[in-house]
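Structures given as structure tokens follow.
Here come two complexes built around subunit A, the first alongside subunit B, the second alongside subunit C.
For the complex of A and B:
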């Protein structure tokens, strides 16, 4: 064996080099192929989307600024009215924020239960873990608009359908994120509590929640940001709030662009404001944990 | 330890417990107060009046059942049979359901002894067990019946219209029309409409049996009839789902392609000029803050409704989000690898390619794939607004307020689609990055 490898040294350097080059070439080939497939997918996808769109991309591209320009110029002409309009739509904004806040709270509670019941080691009924996981998967998969539209038919328009719809989705989404955190929780406090005869809810409340609370709150804040956007969008399909006002203002077209502008400003300001606030608190929560 | 020390420790512990108690009870109390406020702000007490329980019942029963209408036009005397009363579901000339018998006198057997007879001269007889036989005749715009004044609540009667609702089916009589609705569980005509020769044939007959349609082979004929089913529109549904996924794909990937170079401009490491950095970051914040809803509205004005508009709305919003995430992960790259590449004499572009990209690719890919799944959901929602994809079909089906079986079908498909994309992006992540994170 030894002399083979010794005598074969110059040869094996060549072979190593050759095989390395072959490997590099193969990797390049695969990389190139993947890139090619990706480019083909993007281009053909773009063409299909372009074909099936009412207006084409290239014809529409130069008009992209027209609508914002109209809105801005009209709003600028009537800039004196803008504060009054913003005040007029403020209640709608409050409703949008309320929808987001309530659904985040309810969703977080639902997600909390789903995550605790769906995590190994913490579940109250270990056999039902897959059931709760599937429930949370399905709840996560349902787009808010599906539930909202169905509930609008039954309950009539207004904030309640949007609230329920967003809460269901939030519960599923947070359920997954929460259970990823809960999986890493230390089980010793739970065992300690169990040895004192604590009930399941006491074990969770005193043993698990203090460990996971910073992460849970951070995820919940992130969800709140997402839900403000969702609640505005659901308003657009008839669930009340700022989105609903926006659709009405849009339906009027020119002449009411100042209203649309006021709503744009409110929505933009709200989203940026809550993004900033929540990201500051989230940073504090996660940094506090690292120390 | 002295008594004062103990007292101090006790005092501090008491304070700590008090504070904890305050938090422990205060936060739930604040939440409870907020819920009470919402209870009245959202007018939950009034919800019971606004809620329409009839709609809920229709929705619940219609989503898993269908009805066959037997309609007699009282002016011409022509009787028509149609699934859901739709033209697309009409029975071809000379065919009718087997629970309708007779020629001069049509007998509609609703089951469990409920029988409706269509007699000549626009007369109708309804036999319901435990109730005297109802006879009615349509004359001009009125309906004459032998119904007593004192009616049970499942019959509503006026001189213009009589409605009878039984567990077996519904009967409505007006001057112009006499209609019987017979309910059956299931999604009728899901595979083939009534005009297709394959309707009512079993799977084995189609696959292995004798040729049904002389002009076409069994399998290709059946596939094409199913694909072009006018009632359930499988072709349109497939296209719509494709459009929705396409919107998500184009939007996510396009955003990633645009955001990556911009992220270099926003990262402190790679962009020494403060002004450029700040400008790029503000741009990211702006496109993210404007939100997909407003982008959709603005873009729909320029490009018209359709999947491209939705894709662009996702693209623009996510460019901001990706830009932020990418630049953050670029800030965190390890300098050593870049120095190593630089020591071999690599130019800046090569340093980025071999020193930076390999470090950040796993993080970026994970984010992109996560967004691909989440954007499938967004694309459904944006589709409902901008008019494209499965979201639009769903809103249309809901707006007709009667095709609840189609609504149920679309909802099932949407959930399946999102779960598929969830699984697919997870699978792809595993393939590309390797192993579980």
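For the complex of A and C:
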């Protein structure tokens, strides 16, 4: 009863304990050294950056709250005007959301094609997979603001250059995320459809998309949230919308801080709203998938 | 020792466990049998507080464990170890680390992060592995082991917790007959030598008969049989499984004896 061992000739427990302890000591030594190197690098890197910093980190640290404090105190003094200001900037908010929505839609479609063409096992032209992958790399490597600045220079200011800039970045980013989902898709339905003589687009539409749709929609909603922020920032460089108004209010300095506060409230409220809506919707999609 | 009173679990309008009453006075080896979906796993999961009871209570030595929260609940979980059908080890960590996870309730997260287990614990983990006959596997990754070995690592993790109760949820359902016998024999040995209570969900009757002191039958969430293995006749088993006269134990048996009598004698001598 007592001997339940299946082993042939076991080593003595002592030697196993000793060799395992030696292994643990070695691992702890390596772990400690790694931690030490990490701390040394962080501290020295911080000091170098602090030396080169014009203002100095420690001298500036206590001033970090000054600007928000100015904005909040001025906005609080003029709090009676806030509802009117929020109403005034609401059209700009709609413009910002529109830019985000259109660019997410166009970007998601672009990302869909890039992902299907750049995934091993699914691609229509397997030899061109690296080409499509590099295209999507380039699209998400170039920052939106750079594309937007070039396009604003060429096309003039307004929402269209911002929309194109965000759509390009979205297509690259979603292409990468989509293709990781598609890599895990089950290929058996695709093979089944191929055996009936279905074309590539039919195989993708009926064999792959139903499997990956919940994840694709979920990533697209996440991207929509990111794009609202991005389109607000692009307003700073002249793409219109809420960001443009915010830059004006901030650049004017004291006196217009109530406007800045109103815009911050709008932006914050919008992001919270869409975050809540999309996270609820995403939960439903992933839970629905589990059932 | 352990008293389960009117324990009920509902998922929406479906009742998984329906007013279960079980009383255990002395540490015993108890087998719970029943069809898939009869509520066996849900019952064990509620005892370990992995899922909350909808109604009813579980008393262990006078303390109602269903009302425990936070640190008190985690402390109870460390005193009532659980073994799973799919072993539930961390596959990429080595065997000893997996066994040391049995002490997590006594360690802080920071100590765990830097792998700072005391030497005495490491030595004890290897001794437990040796008792289960897998000490040579100590430095290997858990995922490199066979199913039977992984289940024994899971038992070692449970023993490391030094629990009063060991709950085993279908411990042998994904093992071949030979490994199933080793694992069941290990659980039996632990019960006899250490005096720990073992409650195992089993889906084969002959395993329950052979290793358990007491058998509980569940059907559709209700306890329909509670008695000794001798009282578990084929007629009672048919009731528990809701089967007709064509039901035969041998058809589902994982025991080698049903295939070859000579081999069983050999195994018993070995054991």
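The definition used in the following text is that the second predicted complex is superposed on the first by the 263 of 291 C-alpha atoms of A that agree within 3 Å, B and C clash if a C-alpha of one lies under 4 Å from a C-alpha of the other, contacts with A are read in each partner's own complex, and residues count from 1 in each chain.
Operating definition for what follows: a contact is a pair of C-beta atoms (placed from the backbone, for glycine too) under 8 Å apart; a residue touches a chain by one contact, two chains touch by 3 or more.
Quick caveat, the model's predicted, so the values are computed rather than measured.
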item: Subunit B versus subunit C as contact partner of A:17, first or second or both or neither; value: second
item: Which of subunit B and subunit C A:132 touches, first, second, both or neither; value: neither
item: Which superposed partner A:244 touches (first subunit B, second subunit C, both, neither); value: neither
item: Partner chain(s) touched by A:50 [first = subunit B, second = subunit C, both, neither]; value: first
item: Which of subunit B and subunit C A:105 touches, first, second, both or neither; value: first
item: Of subunit C and subunit B, partner touching more subunit A residues; value: B
item: Contacts of A:224 with subunit B and subunit C, given as first, second, both or neither; value: neither
item: Common ground on subunit A, meaning residues reached by subunit C in one complex and by subunit B in the other; value: none
item: Touching residues (chain side subunit A, partner subunit B) in the complex; value: 38, 41-42, 45-46, 48-50, 52-57, 60-61, 63-64, 66-68, 95, 98, 101-102, 105, 137-138, 140-146, 149-150, 153-156, 158-160, 163, 229-230, 232-233, 236-237, 243, 246, 250, 264, 267-268, 271-272, 275
item: Residues of subunit B touching subunit A in the complex; value: 31, 34-35, 38, 41-44, 47, 50-53, 55-56, 59, 243, 246-247, 249-250, 253-254, 285, 288-294, 297-299, 301-309, 311, 377-378, 380-381, 384-385, 387-388, 391, 394-395, 398, 401, 407, 411, 414-415, 418-419, 422
item: Complex contacts: residues of subunit A adjacent to subunit C; value: 1-2, 4-7, 10-11, 13, 16-17, 19-21, 23-24, 27-28, 31
item: For the subunit C and subunit A complex, residues of the former touching the latter; value: 96, 114-116, 119, 122-123, 126-127, 130, 132-136, 138-139, 182, 185-186, 188-189, 192-193, 271
